[in-house]
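Okay, so subunit A shows up in both of these, paired with subunit B first and subunit C after.
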Partner chain A sequence: MNGFGIGADLFPLLAAVLAALTCGLLGNFLVLRRLSLMGDAISHSVLPGLVIAFLIAASRSPLVMFLGAAVAGVATVVLVELVKRLGRVEPGAAMGVVFSVLFALGVLLIRQVESLGNIDLDADCVLHGQLETLAWFGAPDSWSDLLSPATLGAVPRQVWTLLGMFALASVFVAALFKELRLAAFDPALATSQGFSAPALHYALMVLVAGATVASFEAVGSILVIAMLICPAAAARLLTDRLLPQIAVSLLAALVAAAGGYLGATAVPGAFGLGAVNAAGSMSVAAGVLVAGAVVASPRHGLVSSWLRRRALALSVARDDLLAGLYRAAESGAPTPAHTGLSAVRMARASGSARRAGLLSTGEPARLTPAGEHAAREVVRRHRLWEHYLVEEAGLAPDHVHPTAEKLEHTPLAPAGDPATDPHGRPIPPALAPDPPSRDIS
Partner chain B sequence: MDPGAIQPAPHAPPPVTGSLAEVADGLPGVREIVETLTLRAGFNTNTVILGTTLLGVAAGVIGVFALLRKRSLVTDALSHATLPGIGLAFLGAGALGVDGRSLPVLLAGAAASGVLGVVCIQALLRFTRLREDAAIGIVLSVFFGAGVVVLSYIQANAASGAAGLNKFIYGQTAAMGMRDAALMASIAGGAVVVALLLLKELTLVCFDDAFARVGGWPVGAIDLLMMGLVVLVTVAGLQAVGLILVVAMLIIPPVAARFWTERLWLLVALSGVIGGASGYLGSVVSALLPRKPAGAVIVLTAGAVFACSMLLAPARGVLAAGLRMATMRARIGADHTLEVCYELSLGGAAMSRERLSRLASVRAWPGWYRWLIVATLERRGLLSRTPDGGLRASEAGLARGARVSRNHRLWEQYLISHADIAPSHVDWSADQVEHVLSDELIAQLESALGARGVTVPGAGPGRAAP
Partner chain C sequence: MNAAAPLAHTATLADRPEHSPESPLSIHAMTVAYHRKPVLWDVDYDAPANRLIAIVGPNGAGKSTLIKGAMGLVPRASGLVEFWGQPYRAARSRVGYVPQRETVDWDFPVSALDVVCMGRYRSIGWCRPVSGAHKRAAMACLDRVGLAGYAGRQISQLSGGQQQRVFLARALAQEADLYFMDEPFAGVDAATERAIVEVLRELRGRGKTVICVHHDLQTVADYFDEVILLNMRVVAAGPVRTVFTRDNLHKTYGGRLTLLSEAAEAIARGEVG
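And now, the complex of A and B:
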């Protein structure tokens, strides 16, 4: 399989993208309400619902399947709640008990149904779907022919089902956005405002069950779980507001579905290998997106927080270096006392201070006038804090140094203008322009 | 081929396919059932049954600690995360010239990727602001997806085919040979022995990890060891019950056992027994009947035990709790009725029909409940019905009403004088507390109030009304 073929790839890709968007949209509210695993539980426990609906109605029509799944989804939520409340079982364990028993029931039922013959309900297909069955035989060769009315007739039922489900989920979220947002962040307030957060919760769970069943035929339940959780989790790491989070999660779902599909078909094809399972590959793509967000998120990522910590450490080391030089000059010692900085950090701090014009470039380094001003402020804050901790907080004079050593690096300083610190050393008076100090007493 | 079912005993009828009626014809005879149950049905079947039973015991014992550490769903992620390891171990072994289908190789791969999954969860929790539910869900779905990719790659490209790797998803006791079952049994047995040897350390960490840390115990290492035992059980159960359902064997028996006992050693023993019984029954049913996957039957058996435990357990069971609550509510209803009777009797009046209706509507009693209260009190001789539909309390009934009424007043006075609550706000609380004050507490209240010069007139407990 080389490149993108309309016949082979159009409808499977469309189905995968629609399933991913539906789940990605609903997943935002699950992740916010810490119910991610409810999606996992429901997608396991719709299995018996599907089989029982099939046995009762003797048909595989989407409506029957949807009803079965919706009933199973709500039953899961209710049962988990019952086990949790009545049995006083820990929430995670309650969920584990309910969904594994229901799933086992589903597996057992499916094996009985199989024995009746001519049934294509298959436990494996529930897990990872059958995207390849959506391939379009008799597809036109060119893109322009796609726009003919005949194309619409060729669209497989699964794609229509998914389209309907996506439309339903979008309308649900758009119409109840305000309520969903409130219920996600403060269910108690939501209920006291006059709409029922539990009712909304059940409606959401019905939709999750619906999304699961609409998707399971095409992409399987494992992708449903991945798409319910991963795009929303990645978006949660990238944004701090709900609307942008939803937008980012939809984009992530789209990228994961399309990228995973291409990764499953085109990439092995390029190496002359057979295609791998597309649903699994999309889950992996979603995982890659989460990993990317974990590493590179501008506010919450590993890289940015490492850079922030590094910058803070450098500024602290620079303060300590300047204050050490100031104290040495004050006591007439030729070299500053040991600052506790390693040689590497000392070199980095003095380089930074030189570039900022706080240290002279010659050897030995001396404080420039600007450097002396900065150092004086650090020492002043240190001694003011020591004074404050002894006089106002009642600490012993020999216990205040470590605290003051930390507080001197913040812009805060206690108000007042005492002459000396508890150790009898002079507190340098504030120079004009007055440094930004705030009254914290 | 009939995945999931243990190979039938040699003289068993061959598995039938077709209509449900034929399935019914395939039911085993009594002799065969007894032989399988008593382990006389053939060496292979016996080994599988024994191995599964031992697996159930191990999962039950070790699941207790996972439950107490609130790690139930972490084990779910762990078991899903074993799939890519199985596939990669198969490919790696093939590349090294070892037989990729050798069970120890596959299980080693499964354990490695399962552990990697747990490490990923810990890293997500440690380094991001994602909550545990999202971290578990991400690892579960992404690792499982990766496993599906690897398996489909093997299916499409590996020369020797991946026949049999799928069995790890749903489990397949039919494919288990004697050696496989023995491997499973020895892993499970080893895990149980380690857990029992370290019972004290595991208990300490489960109940008070901060105390354990202060006491110098290596809490991190003990935690790690516990996760290691969970990995062992999961991996041991992969072939028999499959990676989706093996987690149920770790979760359900301890939760079911928890309803019956408050003591840890009993919990461990009970959970092991429940797990072992489920494993035994599941594998026996699967050996006797066609199309009964052992994993599903084991989980459903354990689920049935769970349901019975939740309903029937004497102290924590739903029925017992319901009964306690109903008894309590009936007593409170009777207290309220007699209290009103007593207060009316102070003015020389009996409770009229209208007054009773008002009481019922204030207390939101449905009609049948009001009838039940009155009937019970009447049977006990605490009150009698008057011809006009009202109630007249007997001496004993008035005494009980007086006691409740006095408790109410005592508690109100206590709240006003000792808890600084406004007099207009004490009625509601007193209305609830009046039913549960013990004699001892009443004596304490009397002396506390007496010390402040507050007296509440009326009889003390057990004495007749004035």
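And now, the complex of A and C:
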């Protein structure tokens, strides 16, 4: 396989993208309700539903399969609820018990069906799907030839099913957006207002079961589980509103599906290697996106919290430097007492203070009027806190310095205007207006 | 729980001398059980209209359950509840609810204004988006609790007191006639406490009735007109100055009712039918 071929890749890619979008969309509400494992549970426990529906109707028509899956999906939710209540266990344990038992039941039933001789179900393809069966034999070679009625006729049934399921899920979420959001955020209020949270929950679970079964044949349950959880989880880290979260999750699903598919087919092809399982590669891509979101999330991400900590450390070091100079001037010492900062931190702190116009250039550095004001505020807060800790919180005077050393860097300061701190040093009175300064942070 | 029971209750509800069809909330013989263990036992209560009413009692007395049972949020083992003489389904739009703050996920991706808009959903109806008019009404409610400047904040960025005020604003947005509030004063700062009291009084001024689960016995007399002393049963209910007595409090918090709790435990263990 070399590069992208219309015949080999168009419909498999389309199916994968549609499955990813459908699951990614519905997954948002599972993640919000902290029920991500429910996607896992349902996608496993629909298996016995499919087999039983097949046994009863002796047909593999999409409608029969959908009904079987929907019944199994609802049964899963009911059983999880029952196990949780009667067994008094946490939801994760209840889901784990229910889906593993139901999946095992499905596997047993499949063996039974196979032994009867009318095999048409296979547990393996439930896991990784059969994207390769969607290859289009006799496809045109060029993209322009796709614009013909014959193309529509060639679209495989699985793609139509997925398209229908995606449309259904989109209409469901669009029509019931506000109800789903309310039921996920505050089920008690939703129910008391007449928007039954349990009913909405079951409707969502039926759709998850439907999405699962529609995706099964083409992409398998591993991808379904990955797409129900990963895009929404990544989007949850990157956004703080529901609509942007849904938009980002759809984009993530699209990127993971398309990227994973090309990564599985075109990339190994380019190196002369055989293609790898596309569903697996897409699931890995979805996982990589979550890892990326963990690192880069603006609020909770590793990078942003590292940057925040760094900025905080710098501003603390700068405060300490200025306060040290202030105290030295106060006591008439030629150089400030040792601040406990490393040489590198000291250099960075004084550089930052110079750029902010708080410290004069040239050696030795002196406080500018703005720097004097800032330093005085830090020392004032420090001594006010020491006074507070001794007088109000009842700490011993020789215990308060380390605590005040931390508290002086917060914008808070105890009220009141005591003249001296517990060690007898004067507390500089507050100066109302800030002199103009070029504070950068 | 037999089929004839509701009819029998209907008859008795109207027969009771203290019952009035104008009462915003009439509870008759309500029993609620969790895992077979009774939490509320045969509760009778009629709420007077246009009052601020506190539900007071020890932990596990069934205070939140009284509210949830009345609204049907937890199943009632037996009993009849009416709102202005109607079942809850018919009176839903006239009943507002403020759940305990800890019951929701404050990391949820919504803004303060989004949460307040949720109070309007009942009047907006199924499947319709929140219109500009509803958003403006919600904004006005946020303003009344002093949080107009925080409308666009994601709710996790608010302090505990501000979150409680957002909940209060959402209740105001419901424009109900009867409000149930589950511990609105729990864990809030002094400013929020004053703001909540102000809103409660304003609601009373506009003819509303508010029933609050309340923990702080010190403030009952200051904040409320009426009190329900609850410990599985209604120990006493009525105006604060006549009912909120040392003797009644002793009955509510003291050991007099422990036999009832022991019986409830026995039922939960299955030792009794």
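Quick note on the criterion: the second predicted complex is superposed on the first by the 411 of 441 C-alpha atoms of A that agree within 3 Å, B and C clash if a C-alpha of one lies under 4 Å from a C-alpha of the other, contacts with A are read in each partner's own complex, and residues count from 1 in each chain.
Quick note on the criterion: a residue touches a chain if its C-beta (ideal position, glycine included) is under 8 Å from a C-beta of that chain, and two chains touch if they have at least 3 such contacts.
This structure is a prediction, so every number in the text was calculated from the model and none was measured.
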item: Partners on subunit A (subunit B, subunit C) - clash or fit; value: clash
item: First, second, both or neither for A:Leu162, with subunit B first and subunit C second; value: neither
item: Partner chain in contact with A:Gly287 - subunit B first, subunit C second, else both or neither; value: first
item: Partner chain in contact with A:Leu35 - subunit B first, subunit C second, else both or neither; value: first
item: Touched partner set for A:Gly92, first subunit B, second subunit C, both or neither; value: first
item: Which superposed partner A:Val390 touches (first subunit B, second subunit C, both, neither); value: neither
item: Comparison of subunit B and subunit C by subunit A residues contacted; value: B
item: Partner chain(s) touched by A:Leu79 [first = subunit B, second = subunit C, both, neither]; value: neither
item: Partner chain(s) touched by A:Asp240 [first = subunit B, second = subunit C, both, neither]; value: second
item: Of the stretches 59-67, 203-211 or 257-265 belonging to subunit C, the one that collides with subunit B; value: 257-265
item: Shared subunit A surface residues [contacts with subunit B and with subunit C]; value: 34, 236
item: Sites on subunit B touched by subunit A in the complex; value: 4, 17-20, 23, 67, 70-73, 76, 124, 127-131, 133-134, 136-138, 140-142, 144-149, 151-153, 156-157, 166, 169-170, 244-245, 247-248, 251-252, 254-255, 258-259, 290-293, 295-300, 302-303, 306, 310, 316, 318, 321
item: Residue ranges of subunit C in contact with subunit A within the complex; value: 68, 71, 73, 89, 92, 95, 97, 99, 103-105, 108-111, 114-115, 118, 121-122, 124, 126-127, 129-130, 154, 156, 170, 174
item: Residues of subunit A that touch subunit C when the two form their complex; value: 32, 34, 175-179, 181-182, 184-186, 188-189, 191-195, 236, 239-242, 245
item: Of all residues in subunit A, those that touch subunit B in their complex; value: 31, 34-37, 39-40, 44, 83, 86-90, 92-97, 100-101, 103-105, 107-108, 111-112, 114-117, 123-124, 127-128, 222-223, 225-226, 228-230, 232-233, 236-237, 264, 268, 273-277, 279-284, 286-287, 290, 294, 300, 302
